[in-house]
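Structures are listed in the sections that come next.
The same subunit A turns up in both complexes below, where it pairs with subunit B and then with subunit C.
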Partner chain A sequence: MARRARPLLALRHLTLVVIAFVMLVPFYWVVKTAITNENIYEYPPSLLPKQPHLFNFVDVWYLIPFPRYLLNSIVVSAIAVIGNVVFNAMAGYALTRKFPGRRAVLALFLSCMLIPFQATIIPAYLVTARMGLLNTYFGLAFPMLSTIVCIFVFKAAFEAVPKSLIDAARIDGLGEWRIIARVLLPLSKPAIATNVILSFIWSWNNFLWPLLITRDPQMQTLPLGLARFLSYMEDTTGALYAFAVMVLIPSVFVFLMAQKEFVRGLTSGATKG
Partner chain B sequence: MSVIGTQAAAPPLASPRASRWATQRHRQLLLVACFLLPSLVVFVLYRIVPLGWNVVLSFEAWSPLKPARWIGLANYAEMWSYDDVFWTALTNTLIFIAASPIAIAAALGIALLVNSDLKGASVYRTIVFLSYPLMAVAVGIIWRWMYDERGGIINYALRSTGLVDRPIGFLQDFDWALPSVIFAEIWQVVGFYMIILLTGLQSIPQNLYEAARIDGAPAWARFFRITLPMLRPSLFLCIVVGILNSFSSFDLVYIMTNGGPGHATELLITHIYKSAFVQTRFDYAAALTVVQFALLLVLTIAANRAAGGNAGAVERD
Partner chain C sequence: MNHTAWLRSRWVVVPGAIAIATLLWNAYVSTHDHGIVAGRVVDAAGRPVSGATVMLFERGFVTHQERERKISDADGAFRFTDNRSHSIQLEADAPGLGRTDRRIVRLWFAAQDVQLPQPLRFGAAK
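Entry: the complex of A and B
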């Protein structure tokens, strides 16, 4: 059995290595272009970077208002992350309680899940305009302040806390707020991590919504800056690719650091609908 | 809010103990309502209200400076008879959705390969999944560059191996543009499908396979009789994600081709965007949105039927 399995095992590894290669080539190619000084349209292109350097990364700071885009992206992501953690935890906790209308609220949340954000962009824009939130940080973050998937992540985490622990805390005279702060939240750290990571990545990558509601260049976020850079410069300069690499770094970093929490969040969404 | 209203209307209770219980209950309901409020505001403002408003808008003639006028089905009639771009975009969207089973099949293959005690399985998994959480705008820029006629590695590989004589302008060519964009989209999303399917694979009880092995079922029979049927809910979810991706691929298409050349890569969502925010025809774009949303619902329900009817079932209590 084992002898027969060996060539099969080698074949599996070979297939996976080829797949991994296909998945990684685009990363290599963009990084190589970003750190190369040569004319990027040279043919044949060199497969290895000649005289690698980081000038392109410096260039980005001068060619466009990169610091401003970065600041905007960070502020919007921070608002979205804080909103998600606080509001989702609150809603998740509420859903662990029994109250009249609970089924209706659950049904509402689940049906909202079926409505992709892109299907609501026109009225969402009009709603935001009516509230006077166009070109504001809050307007950028508002639709992302709470996420249904993440509410269910919190709900599942709170439900996993043993009832006896909560009862004991209640007998000790702890109020509702204290039970949440001292008992439930400390036991739900993985859920908090999942919320932080998912909401950060969603908000950091978000392009369509900022494209709609920020006409003011001062309020635009990194993805918009990247798209603007592309439309000004076409694909002619290595700085474009340096810019692309820079915006990818935070999400790649967060993902590699917290892959487990990230996957848990996505798959809990998967099993919960 | 109505929750509190009904409680307040309840008749006062007689015994002090019961009334203490009632106030406590009252306070708890208030707490629940307050806790739900922020999320509900977000979802009502950005999901429920827009959905309704969108439908109303699609039956009106309206622009930001003119009062709304009810025009019935005129927007839809225009779409049906006069808007060639709509039909192109609809076809492209359907092709986009129809391509997702290819990605799901590939993801299933990868999931089967990395699901086991294979050495380094987690490394492969990370590599395949790495492209999923990336900013689609940057992914679009990367793939534009991959497909480039001179600087792109794909053309270089094809030319240096002698497969083609002259470079292919993947994103400029009417026939190549849509498949090229779809390939980039698959590259980004295949890891997500893989993760969903892996979770599904790991929830299949191992004793099913043991029993089948004892009965002498060959590997292909175990795959078709156990693995595939047990994976049904996961596959259904992948298909729903594939359908939704025709909406969320806006970023990628916008950056890679902006719907061009001509309208060769126009999707309904890019057509909606251009109608509303470039031509300022919010009313007409709302009608387009209704059509795309209906398409999405019909396809999802059909997929649910095909998956056995209860795949969408979530927590019951």
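Entry: the complex of A and C
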């Protein structure tokens, strides 16, 4: 049985290696172009970088206000991540409780997921403007402070926690807030990791909303900076791809840091003491 | 023991290592960013050329613009002291010798102090 399984396992691994290779080739090409001055349309293309160097990254750092864009993106993403973890945990916990109209709220949430953000962007803009948040960090993060998908991630994680634990906490005198903070969240690390990764990446890559609400170039985020850089540097593919790599690195970093919990899934971590 | 366990968490170790590396890099930059660009000018035979005009071009978005000129001394040496750019070009001009090729000098940070390893060299006299 084991002998028959071995070729199958090898075939499976080979297939996975091929798929991984196909998926990684574009990333390799971006990095390769970033460390050379090669034209990406060159034919035949060279597989290995010729005369690699890192000066394209230096160009990106100095030719546009990259540090400022980076700071803006970090601040906005941090606000979005904190907002997501806090508000989604609260909403997720509420949805695990029984209350009149719960099913209607769930149906409302699910139906709202079908509406694309582009359809609600004008009301969102008007609300943000009325609150005086245009051109501010909080305004940039505002629509990303809570996302329905992540609310359901917390709801699923909280529902997997044995009810007896919550009852025991309540008997010990813990209020609802402390039950979330002291009992549910420590048992829901995969859900927190999922929230952190998804909200960070969504906020980090967001282009349309920052484009709409920033008026001062000093408040622009990295995706806007990338568009601006592209308009200036059409002929310098190396620097452009270096910019893309520099935008990509923080997302990859956050994913690698949280991937253990992210990959572990939701329910497996939720019942661990 | 448990009180220090959080110090070994990857959420502390990795950002901490990045913060330390950033601090060290910035400390290095702050002690090497006086904008000094120094070098020598020699003729085709390798003899120093005095009185050559050395031009420093600073990178703009698409082109390089001339920013400063210096005259080489008796040893053919020149020294710019307030370069602000991260990417410069150098060219020397001397009566009777023509112009050198433009030397592209890429720096790791703006205003990095640099001593040219190879001198600016004139071709054969025209």
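In the analysis below, the second predicted complex is superposed on the first by the 217 of 273 C-alpha atoms of A that agree within 3 Å, B and C clash if a C-alpha of one lies under 4 Å from a C-alpha of the other, contacts with A are read in each partner's own complex, and residues count from 1 in each chain.
Just so it is clear, a contact is a pair of C-beta atoms (placed from the backbone, for glycine too) under 8 Å apart; a residue touches a chain by one contact, two chains touch by 3 or more.
Note that the coordinates shown come from a computational prediction; the quantities given were computed from them, not determined experimentally.
Chemist: Which touches a greater number of subunit A residues, subunit B or subunit C?
Modeler: Higher number of touched subunit A residues: B.
Chemist: In the overlay, answer first, second, both or neither for which of subunit B and subunit C A:P123 touches.
Modeler: It touches subunit B, and subunit C stays clear.
Chemist: Between subunit B (first) and subunit C (second), which, if any, makes contact with A:Y232: first, second, both or neither?
Modeler: Touch status of A:Y232: second partner only.
Chemist: Using the touch definition from the top, say if A:F109 reaches subunit B (first), subunit C (second), both or neither.
Modeler: first
Chemist: Just to be sure I read the superposition right, which of the two partners does A:A91 touch: subunit B = first, subunit C = second, or both, or neither?
Modeler: first
Chemist: Go through the superposed model and pick first if A:F262 touches only subunit B, second if only subunit C, both, or neither.
Modeler: A:F262 contacts subunit B only, not subunit C.
Chemist: Taking the superposition on A as described, I'd like to know which of subunit B and subunit C A:P44 touches: first, second, both or neither.
Modeler: first
Chemist: With both complexes superposed on chain A, which partner does A:R182 reach: first (subunit B), second (subunit C), both or neither?
Modeler: So A:R182 meets neither subunit B nor subunit C here.
Chemist: Is A:L63 touching the first partner subunit B, the second partner subunit C, both, or neither of them?
Modeler: second
Chemist: What residues on subunit A does subunit C touch that subunit B touches too?
Modeler: In subunit A, residues 235 are touched by subunit B and also by subunit C.
Chemist: Which subunit B residues qualify as touching subunit A in the complex?
Modeler: Residues 2-3, 6, 28-29, 31-32, 34-36, 38-40, 42-43, 45-51, 53-54, 57, 110, 113-114, 118, 120, 124, 126-131, 133-138, 141-146, 148, 150-151, 153, 156, 159-160, 187, 191-192, 195-196, 199, 234, 237, 244, 247-248, 250-251, 254-255, 269, 272-273, 276-277, 282, 285-286, 289, 292-293, 296-297, 300, 312-315, 317.
Chemist: Using the touch rule from the top, collect the residues of subunit A that touch subunit C in their complex.
Modeler: Result: residues 53, 55, 58-59, 61-63, 232-233, 235, 257 of subunit A touch subunit C.
Chemist: Please output the residues of subunit A touching subunit B within their complex, sorted ascending.
Modeler: Counting only subunit A, the residues touching subunit B are 9, 12-13, 15-16, 19-20, 22-27, 29-30, 33, 40-45, 83, 86-88, 90-91, 93-95, 97, 99-101, 103, 105-106, 108-110, 112, 114-127, 142-143, 145-146, 148, 151, 176, 201, 204-205, 207-208, 212, 222-223, 226-227, 230, 235, 240-241, 244, 247-248, 251-252, 254-256, 259, 262-263, 266-267, 270-273.
Chemist: Which residues of subunit C touch subunit A once you look at their complex with the stated criterion?
Modeler: Touch residues, subunit C against subunit A: 10-11, 14, 59, 61-62, 85-87, 106-110.
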